[in-house]
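Sending over a structure as structure tokens; questions will come in a sec.
Which chain is which? They are A, B and C, in the order written, and residues in each are numbered from 1.
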């Protein structure tokens, strides 16, 4: 009997430890969000979002950095989404077992694991220098597109695999070709899942700093970029500059910039989650 | 369902009294000839050297226990087995003058002529209209009035028009299982096939829906060659003129349904139709 | 039995013009789709190629051994030894994983086995949020909140230490380790659990004796991926470690990692200079390490799925 009691106490103890470790993970997240909101919230004025930094970044706002981030996100989207979706279509609809597919899958896994700074080096070597795009929105978008490619491929593949095989069979049995089947039956039913993955991928791109250090990010620009061959100010790099290079930057500008970035990134994650949940509830298969 | 409780012999007897027995074997109108057909999945031979002729504008039932190869056999007629990795087919299937299994045969054209209804209703998550219009659209028909005409005709033929004519834009997923299966039949009819392959089309349905599908089949056989796979022997006896009995990939016996279900030649057929195994 | 009919004439419906056109279109599409499938492969190959191309000239200035084992890094004097930097990366990563592993595993077990549904539904999104916070924001928090804390707690001259970096990295590795370990634990077939419980084992004995061992491969993969994440992380680590060179690197001292060195020095390095190439060589080393780690994780993951 007493053995049972001591065992129960022991298990209680273990379970408390497990709960504490969960708390250790959760608490900092709450603290981070709390700090950002309490310290950055004050700086969040309309003027902060709509005006450029002034007086050596000690005044003004983050408007050009927001614009630059939006440009980069758009560029990343344009370059990564078509390739990512087609690659996923290849893997789910066309690929047959063999060394080529295995190599493709291995490449995707490894691409996902390449450190972001190595993407930066590669972007510098290929896009900025070899292809002579210079440090530009084009070079930065291409670099980020490669970085998020695995995310988009994996999510799209999952979405395609979730489309029941019976839809494909029905279409093929009606005399549709493979591509007609993909175009008219498979893709429309996979789109919501793909959108979720795409938003997650692009939000990741929006928060990355290391890959854009040498490929696009500018310390300060007096005017907005006019073409894809221009450099741009970008939020994460702007935060880096504010924190490490501008000793007298007022905290509300630093925290406000960090909060702006977090809102963009987590906001997109939230949108992705909502889409996923709504789609799951709505679909009937 | 009263009919469900009747014995096979009763069903056959009833059929014989209701309509004149088939007047002899068909020979002139054969549309599908199968010669020495074998299908392999890897090393496993699912269909073994089957030879048979299937008559036009009639219903042929294929019966046999699960895994006997009847579905595989059916799926080789519209080359759906092509989709299965490692499946290999030997022998010949002729649809009139078309060599079905030849690599030179265009499977798209083939599948237009040989339609298929699956075991579980599998409508697309689109509207009723778009489901039926899918085939014609895929085959290049764009004009709205033409599509509307085809959709209406197909739904009428599939005995679904009266139930859905007022909400053609409703999602097909909102229909009942039986309605979905008739929609799938309408979807096939819209492509104007010559042959209908039905792979246990009623096995996922309730008895009333099953009966409706059977009535529909009897109606459709005036214009289509229908091959149905079923392991419901009452169903085979009720609807088909000819029946083939499969066991372990072999075609054990093939003949008039009235014969197969009352006086089969083979002991194994008799054991199966009398429920001694399977 | 239907009588044998005479065989149909040996005619073939030969492919007509429409058929040929359709087939050509489908082939073209197949080719195009396959080409896009190959993009990831081409990208990895190009990354390797470009790293090699710009890394190899380094070895005109130093030998491979001198580069990897050299104790001094004075890029302006063209002395390129990265031993201290490699050890710096390894120290920060190792300590980060030591911190992250028990916490993550505990959290994963808690989510998978113990937490009531309502708690789980808060925990999982929170972990996802942690994964979603940009590294620059985590670095910023590490710099202004964590490093003063570390300084106070251990009475140091500066809070920018290897330990600060390790703690920061630990939190960045946790989401990866938690979610993959949790998947692995949840994926353990229920027969294992049933068998253990049927033998009279308690819930905890079942978790520790049956579930976790069965999920071992998945957990190993999770840790490997966590290591890959930690060793490749740049911005956060660069902001909180002080970036001073020490050999051997110490936990309560400033430390410099491979990623931080590339990020800080590439901006100043003249394109085509020895320094520029040495930084690419450093990138190559980093790439090789993460490649190996990810490969190991992939092998472990494959084994766990079987």
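One rule holds in what follows: a contact is a pair of C-beta atoms (placed from the backbone, for glycine too) under 8 Å apart; a residue touches a chain by one contact, two chains touch by 3 or more.
For clarity, every value in this text was computed on a predicted model and none was experimentally measured.
Considering the contact criterion stated above, the chains in touch with subunit A and with subunit C alike are B.
Taking each chain's centre as the mean of its CA atoms, C is the chain most distant from subunit B. Chain pairs B-C and A-B differ in how many C-beta pairs are in contact, and the one with more is A-B. Separating the CA-averaged centres of subunit A and subunit C is a span of 15 Å. Per-chain CA centroids place subunit B at a distance of 53 Å from subunit C.
Separation between the centroids of subunit A and subunit B, computed from CA atoms only, is 50 Å.
Under the contact definition stated at the top, the residues of subunit B that touch 2 or more other chains are 108-109. Residue positions of subunit C touching 2 or more other chains: 22.
Counting partners per residue, subunit A has 177 as the residues that reach two or more other chains. Of all residues in subunit C, those touching subunit B in their complex are 1-5, 7-9, 11-16, 19, 22-23.
Remark: subunit B residues 25-27, 30, 33, 35, 52-55, 94, 96-99, 102, 104-106, 108-109, 242, 253-255 touch subunit C in the complex. Of all residues in subunit A, those touching subunit B in their complex are 96-97, 164, 166-167, 169-177, 180, 184-185, 189, 283-285. Contact residues on subunit A toward subunit C in their complex (touch as defined above): 7, 11, 14-15, 17-22, 24-26, 28-33, 35-36, 82-83, 86-87, 89-91, 93-95, 103-104, 106-122, 124-126, 129-130, 146, 149-150, 153, 177-179, 203-204, 206-210, 213-214, 236-237, 239-240, 243-244, 254, 258, 261-262, 265-266, 269, 273.
Residues of subunit B that touch subunit A in their complex: 78, 80, 83, 85, 108-112, 115-116, 118, 120, 122-125, 134-135, 137-139, 171, 173-174, 184, 187-188, 191.
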